[in-house]
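Dumping the structure here so I can ask a few things about it.
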Amino acid sequence: MSARDNILRRVREARQAAAAPTAEEARRVDERIRARTVGPRPAVQGDLVERFLSQCERMSSTVARVACLEDVPGSVSAFLSGKGLPLQAAAWPAVAALPWDAAGMHVQARPARGDDLVGITGVHLAIAETGTLMLLSGPDTHPVTSLLPETHVAIVPADRIEPAMEEAWARTRRETGALPRAVNFVSGPSRTADIEGQLQIGAHGPFRVHVVVVG
Amino acid sequence: MAHPPLRVGLFVTCLVDLMRPRIGFAALKLLKGAGCEVVVPEGQTCCGQPAYNSGDRRAAQALARKMVREFESCEHVVVPSGSCSGMIRAHYPELLAEFPEERAALDRVVARTRELTDFLVNVAGLTTVPGQFAGTVTYHDSCSGLREMGVKSQPRALLAGVRGLTLKEMATPEYCCGFGGTFAVKYGEISARIADRKCDDVAATQADAVVLGDLGCMLNIEGRILRRGESTRVYHVAEVLAGVEDD
Amino acid sequence: MTEAAQEAFSGTGGPGTARPQGGTFSGRAHDKLHDAKVQRAMRNFNLAAARSRAMAELPELEDIRTAAAAIRDTALADLDVWLERFETEATRRGVKVHWAETHADVNRIVAAIAREAGVRKVIKSKSMVSEESHLNAALEAEGLEVVETDLGEYIIQLAGETPSHIIAPAIHKTREDVADLFHQHHGTPRKTGIPELTMEARAVLRGHFLSGDMGISGGNFLVAETGSVVLVTNEGNGRMVSTMPRVHVAITGIEKVIPTLEDVACVLRVLTRSATGQSISNYVTLATGPKGAGDADGPEEMHVVLVDAGRSTVLGSDMREALRCIRCGACMNHCPVYQNIGGHAYGWVYPGPIGSVLTPSYIGLENAVDLPNAATLCNQCGVVCPVRIPLPDLMRKLREKQVEAGLRPRWERAGLRVWSWFAQRPALYALATRLAARVGRLLGGKRRAIGRLPGGGWTGERDFPAPQGRTFRELYARRPR
């Protein structure tokens, strides 16, 4: 008997179930998955964008809002200058296609490296309840770009904001189907409180998360 | 009076019987003042909690069944202790589940059992109390009373009616005092350290007395206060409400 | 003794064993109560306040707790079926799923993965399951370099200690301790500012993240629907170890499965609030397989190690509800005993109330006799538990099992027997208490307090208030009618 068989047998014995899984059990599990039961949860009221922005700030992200995609480079450039940060970045290819040069920025379409100071990404979706960015990994949506640089700038189209994680899952199933290798939910900069319980921003991930809502 | 009197069986508790009988008399005085007819079943001893919490299920069952037999004819069972009333209400049903033939009596007793202040406020509708207290007190919420019996506002509502008394809340009144029954003896050092936090909290209010609803907490907090050499008094809420704090 | 218990107690911290700490619970607790640094650190520690602020903003709290408990119960009720479903989905996505019956199996499996992949450096995100088996020691014995990357875990790794809390492992350490450790191990000038210390750790660990060959993480949840492993961190090290190295190994208990993505959303709402008071942790990652065609980043291999090591036994016992645990730490954060003695006194991987239930269940009742008794049963833990584990009830059941197994000391059994014999005989009881009330009153003297009692348990640091002198029963019989 393999370790797998031993463990499964012990679990069935512990459950006082028949030696082999039954069709009824499989049906029960299938139905539970298909039902996609949504549990009780707080209502996300009011304007979704407003709620999203306020929750972002609560998680120590900074925020900006622009009318259209063409306005993004100017807004990001102003943010970086204001923080004394360099006007160069690694970005997801789709993001790098924006008119960055006109805003005085040098943006390269490639995954970020350990020495990049700024990484710019889009999002798959965003969540108003908690001020969360939802990022899917993929050939053109590199997870490292939101992880390695000290500053992460995320561009969030207003129509990608969902009330809560449940709606985000439903929309992902609709639009994308199977999950990619990594789904990353990011809510503000990295933090730790492991020395004397005192909160410090910037543990291993970015020190800053700057969210630009478009629309 | 328009209503017939409430007929109450007083479960004195073993600790009140042995350590502080005046709390039992204070409870009697308050119940009578609230228009109740009180009986004190003679053979009562202990609810069985010490055995139950020490893992001696058989001894606990024997005492629980004895308690149920002694109180099954009472219309109300009133207990001047959050933890003993909690034992009856929250734990008897599980403890005595294997005695189905005694189920009816058990259910009656369980449903009719109330902690003293809860009964006075929510059943007897008591609004005035005889106690007087010239000074400031702080109230310690005993764990079982609070978390098993929902005793929180009742003692405070009654204390508000004691002439001369000012209630000043401590920072964490719901924090355990460290008693825990036999825990206080088996792990005395830890228990006393937890009690010390409670005493710090009490001392910070500069109250003249700490008031509470459970004898276990009372012995523990008073014991630690005495060892610390402080003069803060420790009273059971019934003593203060009835105005019988001293011998 | 179970095999796991033998492993746990047969060695002094070598591979496959579970604990370097010796002595008794009371002895360890005594040491911690008299360790000024530990006491200062524990006084600073206040995650309970953070939780209570967060919960005040969640009016649906009680309903969500109920739902979260139901999700965990659903998974436990058909556990093997859910695990097989997880395995099927994860395998479909290219994950290699391993099954470990014992702690020794965990170490063997992970070492073999490392060997086959030619791994030299391992970077670890927090995993309490790996603490159970002393995985680090096992991998080091294989010649591997192992680096903990959670800041707290890194600190205690440098100190050669074990975690004292499941989410704040170095909470017993002061900044001065950390300053000394960093100075000594990094060879940098000593610094005591917490921001500076955190930045130094970031710089040192960043080098390890970029050079590690294998990342090891725990798994907060396994999602049966998708075959995903859920990692919840604030520092971002969970993302690092599952993104940067060539190989990612997630090690987690078989009980951690939940059905769907919607269930992840539900349980997270209470997990993060219960743990740190956050509405969500900074990073929540669902890792579903190795990198795909065209992916520029991500591991080439992903492994999941499903660990039994006592869990299936707990599932079949009356301790089953303890398997709902989602490792938030709220029970210990709210425990008056834990708050005073810290985590190391508990003697095994999981401290606090959940530890007092899990430890005897995993390593044997007879090997953790103190734990279920070292609690006041105040039920603050039960009230805050996000999945409604009735912790005091479970501790009480363990006490009953100890009595049944004859594991309680003779004086205690004798004492209880004598007392309950009297309590069942009212007439004799009345006599005995009359006597006790009088003797107690005499012993109390003028102070009305007894300063020393046999055994000293009560009176070591407390007086015992003397009885009034007459029993209620006597006085009531003599009352004016």
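Here the chain labels run A, B and C in written order, and each chain numbers its own residues starting at 1.
Keep this in mind: contacts are C-beta pairs under 8 Å (C-beta built on N, C-alpha and C of every residue); 3 or more make two chains touch, one makes a residue touch a chain.
These figures come from a predicted structure and were not determined experimentally.
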So with touch defined the way it is at the top, what topology do the chains form here? Options are line, ring, star, complete, other. line
Which chain lies at the heart of the structure, taking centres as C-alpha averages? C
Provide the C-alpha centroid distance between chain A and chain B, rounded to the nearest whole angstrom. 52
Measure off the straight-line distance from the CA centroid of chain B to the CA centroid of chain C, and report it in whole Å. 33
Compute the distance, rounded to whole Å, between the mean C-alpha positions of chain A and chain C. 29
Chain C contact footprint on chain A (complex, rising order): 2-4, 6-8, 10-17, 21, 25-26, 28-29, 32-33, 36-42, 55, 58-59, 111, 114, 129-130, 132, 137-139, 142-144, 147, 164-166, 169, 178-198, 200, 202-206
So in the complex, which bits of chain C are touching chain A? 41, 44-47, 58-60, 63-64, 66-68, 71, 74, 77-85, 93, 99-101, 105, 149-152, 155, 168-171, 173-175, 178, 194-195, 197-199, 202, 205-206, 209-210, 224-226, 228, 234-237, 239-240, 242-244, 254, 259-266, 268-269, 276, 278-298, 306, 308, 312-313, 315-317
State the interface residues of chain B toward chain C in the complex, per the touch definition above. 12, 14, 16-22, 24-25, 40, 42-46, 48, 50-57, 59, 62-63, 66, 143-144, 147-148, 174-176, 178-197, 218-220, 222-224, 226-227, 247
Within the complex, which stretch of chain C touches chain B? 26, 29-30, 33, 336-337, 340-341, 373-380, 382-383, 396, 398-404, 408, 412, 416-417, 419-420, 422-424, 426, 429, 433, 436-437, 440, 447, 449, 455-465, 467-468, 470-473, 475-476
